[in-house]
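You will see two complexes here that share subunit A, one where it goes with subunit B and one where it goes with subunit C.
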Partner chain A sequence: MGGVKTVKTNSQVMKQTSDEGTWSKHWHAVKKDWRLYVLLLPMVLWFALWSYKPMGGLLIAFKNYDAAKGVLGSDFVGFSNFITLMFGTYATQFWTAFRNTFIISLYGIIFGFPIPILLALLMSEVRHKAYSKVMQTFSYLPHFLSEVTITGLVITLVYNGEVSTGVIAEALISLGWISENANIIQEASYFRPIYILTGIWKEAGYSSIVYFAAIMSISPTLYEALKMDGGNKLQEIRYVTFPGMAPTLIIMIILRIGKILSIGYERIILLYNANTYSSADVLSTFVYRIGLERGNQALGASADLFNAIIAFALVIGANYISRQISETSLW
Partner chain B sequence: MERLNRSEKIFKVLSYLLVGAFGIIALYPVVYAFSASISGKIAYETGQIVLFPKDINFEVYSLLYEDKGFWLSYINTLFYTFFGTAWSMFISITGAYALAKKKLLFRRHFNFLVVFTMWFVAGMIPQYLNYTSMGVANRWGIVVAFGIQAYNIILLRNTFEGIPTEIEEAAIVDGVKEFQLLSRIYIPMSKAGIATVTLFYATTRWNGYFWSRILLTDPKELPVQVYMRILIENYQAMFDDMPVNLSYASDSYVYAILVCSIVPVLLIYPQIQKYFAKGANLGGVKG
Partner chain C sequence: MLKKISFLLLVAALLLVGCGGLDTSESDESNSSDDEDQVETTDEVASNLKINYAIGNNQRTLTYNQSNPLELPDGTVVSSGELKPTWQHIQSEMGFSIEDVAVQDQTGEEMMEIASSTGFEDATIYGGAKGDLYNEFGSKGYFIDLGKRLDKLPNFSKYLEENPSIADSITAFDGSIYYIPYVAEIDNYARVLHGREDWVVALLDSADTLEQEDASLDVVYEGYWDRNDENVVALQNEAASGGALTQQAALDTLLNYIEETYPDLDTPSSLYLGSEAQYDIDELVALWRVMKLSPNTLSKVSTGEVVDGAIISPYFVRNSKNRWDILRMVNYFGGQRIFGSDTQTNRYYLDADGNFNYSFIEDQAIEGFDYLNQLYSEGLVHSEFADLNNTDNFRTTFYASDEYEGQKQFGFMTYDWIASTTATNEDVIAMLPPLTTLGDSDEMIHFIENTRTIKPEGWAISKQSSEEEINAALQVFDFFFSEEGNVVQNYGTPDMVADEEIFTGPDGVVYPKFGDWIIETANEFKDGDVSSFLRDFVGSQMALGYQKEIGFEYQYTVNQGFESWSVYQVADVTQPSYNTDNPILRLTPTVFSLTEQEQAQLDTTAVGENEDDQIFLYITGSENGPETAEGIKEAYMEAGIDTYIDIYKKAYGRMTGE
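Here is the complex of A and B:
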């Protein structure tokens, strides 16, 4: 105990020198292992230039951005860009985009989140090696196709024109689900179903990998014990499989919530058009139109910042809640 | 042989059926696109193509064969994929190796620096301004300034951390330094992880569209995804100027281009599937 006390009393006197001591110790460590730091350097530089430097560019959200004066030289205008954003010319568009962002994400979570879990459950039952291998290969495949390819397929498959009709549009017409002359890609009411279904088609198979691995790592003895007690399949899923994959589920839902505001804008830009903005436009596509197509970069950047802060708050919030409830969290 | 009770039997049958259904739905548009691309004009336009092609002819492919712009963009994409993946792998492997070492000073801070980029992104406009001011609107700019993903670095770091330290210690006693440690021990012992991340980077590069479309101004530098999209936007007008008595439908041309962009993915991805099912696991996510 005496030793601890000595350190404490000395520490105030020694503060200056001990700081210098730490730094010189660090310096020696770096000199000894300089190769390690050489290896670290490219990655640090890359992130500094391409991830962190643009974060500084968010400053233009508070400026009257003038390309000739640059980010730092432009005049500071406080929150006036944000006020324009929320109450100005583009206010209606902005709030529509804001609402759509949450609606589309929510639909994506409600319809998209359970399907990979279900698929993993089903796949874990398929014990025929070749069959499961082939079906897994098929269902992961769409994940690796580009958004241009996928939207190109969607656009031609649901196209309903005078000369030709896409095979899906044809099927929907003969089922009586859409009218003879419905032009799916041009109607706002069809956008969300198309977007959500395309997303499920593209990602469900691939997302099931994580759950599949979680199910496979559950100890078989748990299943055997439940079976001895006379449990049926549904009870097995309820009392063994779900609790076993709960940590994975929680992590995946946090990740999903963190991505609410960064939903795949590329696919939306490739699928939407002026007729479907009312149901399709989200914050990032709004930024794209206002900031890049119309060149109002300061306004775009303030929507970007708005977006980034809410997204960040959502991850932290989801992580916090899950740590409180379930002791599973990202950090 | 395990004995199944009634509920298990029902569930098993359902599983086989639904997994099969999902697999077929996933594959269907790709098969359909191929069938539609080689079918005759009348058969296609009267809606006779559902799965198999009819009145087979390969004329769209010979038309595509003569489309110089398409092949130029295809070669450009090969360039972006090859050099882009190599660049991304170089940065990710060296960075992940350093992060995996316990002796790295400020290791937690550097880790945070990487993971933070997954949760906070500057956004489209600041990124755009950064790219234009740094002059990346050209071939090598696209290679250098894009493609590194924090997720992949963490995945590699976790793979490296899984290598037993005894092996490394033995090598250090023999006087092996960091560079050889990485190239002779860490890389050869992490084949699954490296194959997975390579596949991830290569597909991202192969599929890259948005920033290439926005930044690249020289039409000779466009990747195939951009070329394809421009064609999808304009093909109706293009075919309106052509003689009417073609043997194929104008859609077939689009389908043919889509098929050509899918083929490389179809060829490579099944070879690497055995690795990524392991590598794409959750361990990669936790910082």
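Here is the complex of A and C:
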């Protein structure tokens, strides 16, 4: 078609000009604020190397992984690992872990999420500054203790052995809430309350910082206006504080939902035992056992990938719902 | 704009992933074992040898990691970060330097995982991992075939000729030998049953020592044997009022039974004690019941006065990690084998017809777990033996703490090593195992399943090393099988061994004798635990390729230790062995060599700790465990035990040529 002359339409020319204009604008923006972009660079690199590059390792979920052959060199097995995991010999353990992950996380949201908010509200109402600071500092402290220390302490407190009985176990026995022979650390029905309460004790104070900051950023004039209108303390909380905190609350709940399948394994591994697996084993502990203890990394990776996909869907869903009902969302 | 920048970053990151060297190792083709024949051989030895010996404990590596410096017999001082004395000695003997390149706290398995992803290039010798990993990576071409280098391993070669069963055990499926194992004192007794001698005597031989007892127990177990006219457990059950047995009823029944069944015994306690003991598991249970019901008497025997609230555990294990030792009692309900070798993970045994079986799912084992559940529910087994949240050393609590203020827990019997167990309490002595039948035979024999075997741990040489480095590594490997190297690894460097003195063991064999320095310094740094001292401070007795000698253990035997050895040696208690014609007594390998396909097939099964846990949940009567003992078998079946057994059966067949 050598004789045919290609003619650009007006719209094509306009798009090209517009594209050139956009790129040029971007370039000027970068050039203008290049110092900021340089500051951003380490973070971008950090994400690229530590968050995106390792994603390549997910390939082992589809491989008969052999460390000596490497990720790419290992034999491709398709969805075989997922089938073994969900419908094969590991099915019972996997689905138990999956169910427990949801339940424990849900309990965490129901019981654990409101406590830091409540704590922040209470702290914000304390007028004695020194007292407030001391209390806040004390509430943050457990966050800085290692999980090993925390779980060691919990086990000591609730253990009811042949000769040694922890203070909490003793108190529960005295109150008649548990039987004299009950060793609650060995009973599946007590695991979740122990886990959730430990988590609240450890993290409530530290998690309240963000809510406290949100409360502090609310303009005092709003409170004054409500007072002038005759509003009481509860109405202040309802009509000023909560609406003022709403964006923070929504973002925090979306993030929390995103982590619904990402329960950390440390505390659970340190607290659980064969008696409590039925209510304690979660996906992360399952992956730890399969991937690291048994050395079946491919199966561990499949469980983790499945976990991540569900978590991703949950974040998208929560974000969408949030955008629909409150105009606040992550993106 | 931000969206576009984000998109670009994502693309860049993905590109990074694509080009990012995920394939960290070269194809294994370059490592095929055929290459070894083509290597130009040389007798030159490298000037430096890198060893990666990782054992998950920085105290037990080649490097001295103690905060206190150690002054050796010749006055030289070893400080933190230097090679341990044994390794400094080996270094000077070999004529080249040794470099410890291990990450000090890394386990052998972690080390292998990481080293494999970089092609085993960071060291010449890899040690501390288990043999199956050396076989796995060896067959993929990462370790040299020692079988082809036997000309450079004259001492080891001679050792294999003298011990063909060891050669068979370490040969991989492809016929190569990729590692040298740590070999314990084969055919010597290992862990045995111990008990408090004074308790048996106090309860059975004299009424004067008895205190008023108020305890009672609900009987559940009904007895197993019918070899005598009457079964003592059944008699005790009859004597129990409404199912509740008192101490008086239990003791009287047992004493009457002994008198009628064994009229020729000097004393009733002779049924249980010494090398003439002839009790079976039912008679032992009858005694345990009496003990459980005698906390006042027994606490007074051990402490000099009645301890209010004393708790007696007739049977206990050293700690909850050793919960497996409860299962060893299943042997005595008709001779069902439980562990095929000296490792808790080896449940493969040969039956009387030579068939390869997995013990935990055998009907007789399941029945045995049922009996254990009954004994546990009677309180005859320590209530916390399987509680992994409890990390206490029960042996210390139950045997070695009698004199402590407030001590309330006392134990009678455990299954453990002679030297260390008898050292805990001077009244503790080895007891013969209960009589049982075994295999097809109706003869009642004393059988102890635990014996000293080829250990799974060992070391291997990376094929990535230069020929000079390989020569240096082979020299070290062979040294441990020389006369001098054997002494160094078992007893320490020459100046730590007593000059011109020998030690004669209870078996009549002579051994090198520890010098005073070892004993004194072990007392100073390790409370007299010579074994830990040699490992943590000196660098001997390490779990790498050498033959361990029993003379070491004899020398730190105290109290009733020698008498304990004698009880077993005189009675000639039957134990498994590599060299026996009776299949049911034959030790199965500690390490199996699986092909790549078998390994992949094994990965589709879920047989593991979860299924093992069901056994302990059942024995302890947990509501989270199976409702019946059959449920244990079902859990294994669901996890794919059939496939699992088939794989190991094939591997065993390959190893034995059957």
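What we mean here is this: the second predicted complex is superposed on the first by the 275 of 331 C-alpha atoms of A that agree within 3 Å, B and C clash if a C-alpha of one lies under 4 Å from a C-alpha of the other, contacts with A are read in each partner's own complex, and residues count from 1 in each chain.
Criterion: contacts are C-beta pairs under 8 Å (C-beta built on N, C-alpha and C of every residue); 3 or more make two chains touch, one makes a residue touch a chain.
Just so you know, these numbers come straight off a predicted model, no measurement behind them.
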Taking the superposition on A as described, I'd like to know which of subunit B and subunit C A:Ile251 touches: first, second, both or neither. first
A:Thr89 in the overlay: touching subunit B, subunit C, both, or neither? Say first, second, both or neither. second
In the overlay, answer first, second, both or neither for which of subunit B and subunit C A:Met43 touches. first
One more residue to check, A:Lys53. First (subunit B), second (subunit C), both or neither? both
In the overlaid three-chain picture, which partner chain does A:Ile155 touch, first (subunit B) or second (subunit C), both, or neither? both
Could you tell me if A:Ser139 is touching subunit B, subunit C, both of them or neither one (first, second, both, neither)? first
Which partner chains sit in contact with A:Asn275 here, subunit B, subunit C, both or neither? Use first/second/both/neither. second
Determine, under the contact definition given at the top, whether A:Arg289 touches first (subunit B), second (subunit C), both, or neither. second
Per the overlay, which chain contacts more subunit A residues, subunit B or subunit C? B
Doubly contacted residues of subunit A, that is, touched by subunit B and again by subunit C: 26, 29, 44, 47, 49, 52-53, 55-57, 70-71, 155, 159, 163
Okay, in this complex, where on subunit A does subunit C touch? 22, 25-26, 29, 44, 47-49, 52-53, 55-57, 59, 64, 66-73, 84, 88-90, 92-93, 155, 159, 161-163, 183, 185-186, 188, 273-278, 289, 293-296, 298-299
Subunit C to subunit A touching residues, read off their complex: 1, 4-5, 9-10, 12-14, 16-18, 20, 22-25, 27-28, 109, 113, 116-117, 119, 137, 140, 142, 311, 382-384, 386-390, 408-409, 596, 600, 603-610, 613, 616-617, 622-625, 638-640
Over in the complex, which subunit B residues touch subunit A? Could you list them? 5-8, 10-12, 14-16, 18-20, 22-27, 29-30, 32-33, 36, 44-45, 47, 49-50, 90-92, 94-95, 97-99, 101, 103-105, 110, 113-114, 117, 119-130, 133-134, 145-146, 148, 153, 177-179, 182, 203, 206-207, 209-210, 214, 225-226, 228-229, 232, 249, 251, 254-255, 258, 261-262, 265-266, 269-270, 273, 277, 280-282, 285-287
In the complex formed with subunit B, which residues of subunit A make contact? 26, 29-30, 33, 35-37, 39-40, 42-44, 46-47, 49-58, 60, 70-71, 119, 121-123, 125-126, 128, 131-132, 134-142, 144-149, 152-153, 155-157, 159, 163-165, 167, 170, 201, 204-206, 209-210, 213-214, 232-234, 248, 251, 255, 258, 262, 266, 269-270, 284, 287-288, 291-292, 297, 300-301, 303-305, 307-308, 311-312, 315, 330-331
